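Labels for the chains are A, B, C and D, by order of writing; each one numbers its residues from 1.
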């Protein structure tokens, strides 16, 4: 089974998610700087979401590049990842309408945390399909970043009920950890 | 005529359908758990629709993989399938606005049932184009799953007027039957 | 310059147009058959638009298949075609809101007529780029269908101000003429 | 790392942006010519935006065609470009709602100017990755058009607060400068 169509479909879904988020945002209610200023928080939330979805695309790109074979389980693990990513525009719209309050902010973390779990499941499914001695298995190593970001989401979600801003700071920190493309895979591939 | 562009176009349309459904859902009207709870039914309807459309994508992927040739009739059978799948976001939005009442729930079954009929037509068109002795014709066999799910939709649609929940249970059952990718084709291809 | 990316981009835009039209339609205002019945006209307008855009995709598919080379002029002629096709969801939405009255119905014809003109321009640009003795030039012949449908749009648009339904009948007739994929090209390619 | 997936993803995002802009426009509020006339300005803004995004696609097409290699920095520079292009439908919607007043018109220039800066960054990233003696580096030369259009955006944005129409005239002028595909690259490639 060729990976070309899996890549194309994933690209399509991520392209739509990344583009459609901004479509959902309310434009400034007026034509002055005060109206624009009141749109700043949701625009920053858009930037964070764009970077997060962009990180998934770049890492997916790297991972599939190091993948030789896929099977039905990989297709479904990938669909589950896309399912949770497709909910990003939904939670961002909720935050836009309900404000940066505790529950929507926590929901944002749940959606991104579930996407992180699905990404790890997708890694597993690909490693199982390609064999534990494959290039990808070596490249992933102990997956510290994946485990660290899951732990940080687990901490951030309850903290959103203490203060949404603590959760937001943690979400930004996780994005920064991942911003650099997965050097492990690049390094192994170069050898 | 190459199948590459048919696959790419289908991937594009399905990627949009799967992503745009969630865009249509109303976000919770408030920032508390009560508001979130009242959004649960429509979110579950979204999960069911995502799985259904995902099943079509995975099976389409398998079927085209086993296809050597296409013609104009295959292009149009495929377009008809996409037409009915494109109505899934429409009926899900209707259910969101009108509630899980009889007619919208029945309409959901009609749309998925018509998609199932078009998928069978697409199978026929591909078999005719590739010959009755082709790999795909052998792989499809007597297509028990396809016939069973059509029969179940035919039963579920009128039962929606007795109780929408009976229909929903049947829709979930059909999705579960199909959730496993088409092993027939995988098995034949391995030989 | 390779035609692969032109095809992929066109597929993407047409996939979005075809999917997004239904997103724009208002769902039935109620959960009974009366509400559904009042949505029938706009659903039929959606069917007509889906078939029209589908025809462009199928013919574009055939034409590019017979094309060896493209250049910058072909890229822009193709973008102009996509521009007019992208207005189809806009006019269909206008018809949904303003009813099947004269001006929106005429505007629908203008948009499809302009798309037809751009398609002819695209044919010219491809023939110029590939040479008048190319396969495509031979396949197109005197392009009776293209000229006939342009003439019919020119007649239908003013008649929309007499009665929108005359225009609608003509639009349906044009779609039926084109429904069959371009046999001329298929025939030449088979030789 | 292959450039195929970068091209496909970019095509997907640009296809969505170009198609979705029109979806955001309000249809004429009525079914007479007066209603249509009051929609003319925003339709012209759509035409300008379509042409601008089309220019990016055509030039991106030419540039990637002359590119042999990409890396992680190119992926992110490309994502930044797509980020700013994704804001085009947002500002056009703001102009639709708030009218052609100073701040939305200036914001339109800021978004297109930032896209122009990101495009230059993308050129740099590709040149660094492929080497200063690569075909592309030679083809770009001193990039007069890129510098001129940046300067014109820098002038147009403050002038929008004097009169939005001066800014609009400058935006149209920049689009006209770029309308011709990048002959520099075509010329070098032909050698």
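What we mean here is this: contacts are C-beta pairs under 8 Å (C-beta built on N, C-alpha and C of every residue); 3 or more make two chains touch, one makes a residue touch a chain.
Model, not experiment: these values are computed from the prediction.
Enquirer: Same residues or different residues: which describes how chain B and chain C meet, taking over half shared numbers as same?
Expert: The interface of chain B with chain C is built from mostly unshared positions.
Enquirer: Determine how many degrees of rotation, between 0 and 180 and to the nearest 5, align the Cα atoms of chain A with the equivalent atoms in chain D.
Expert: 90
Enquirer: List the centre-to-centre spacing of chain C and chain D in whole Å, with centres computed as mean CA coordinates.
Expert: Using C-alpha averages as centres, the distance is 26 Å.
Enquirer: Could you please state the distance in Å, as a whole number, between where the Cα atoms of chain B are centred and where those of chain D are centred?
Expert: Roughly 37 Å separates the two chain centres.
Enquirer: On chain A, where are the residues touching two or more other chains?
Expert: Counting only residues that touch two or more other chains, chain A contributes 8, 12, 15-16, 20, 23.
Enquirer: Under the definition above, what is the set of chain B residues touching chain A in their complex?
Expert: Contacts found on chain B: 7-8, 11-12, 14-16, 18-20, 22-23, 25, 27-28, 30-33, 36, 47, 50, 54, 57-58, 61, 65, 180-181, 186.
Enquirer: Going by the contact rule at the top, pick out the chain D residues touching chain A in the complex.
Expert: Listed in rising order, the residues are 1-2, 5, 8-9, 12-13, 15-17, 20, 23-24, 72, 75-76, 79, 82-83, 86-87, 89-90, 93-94, 97-99, 101-104, 107.
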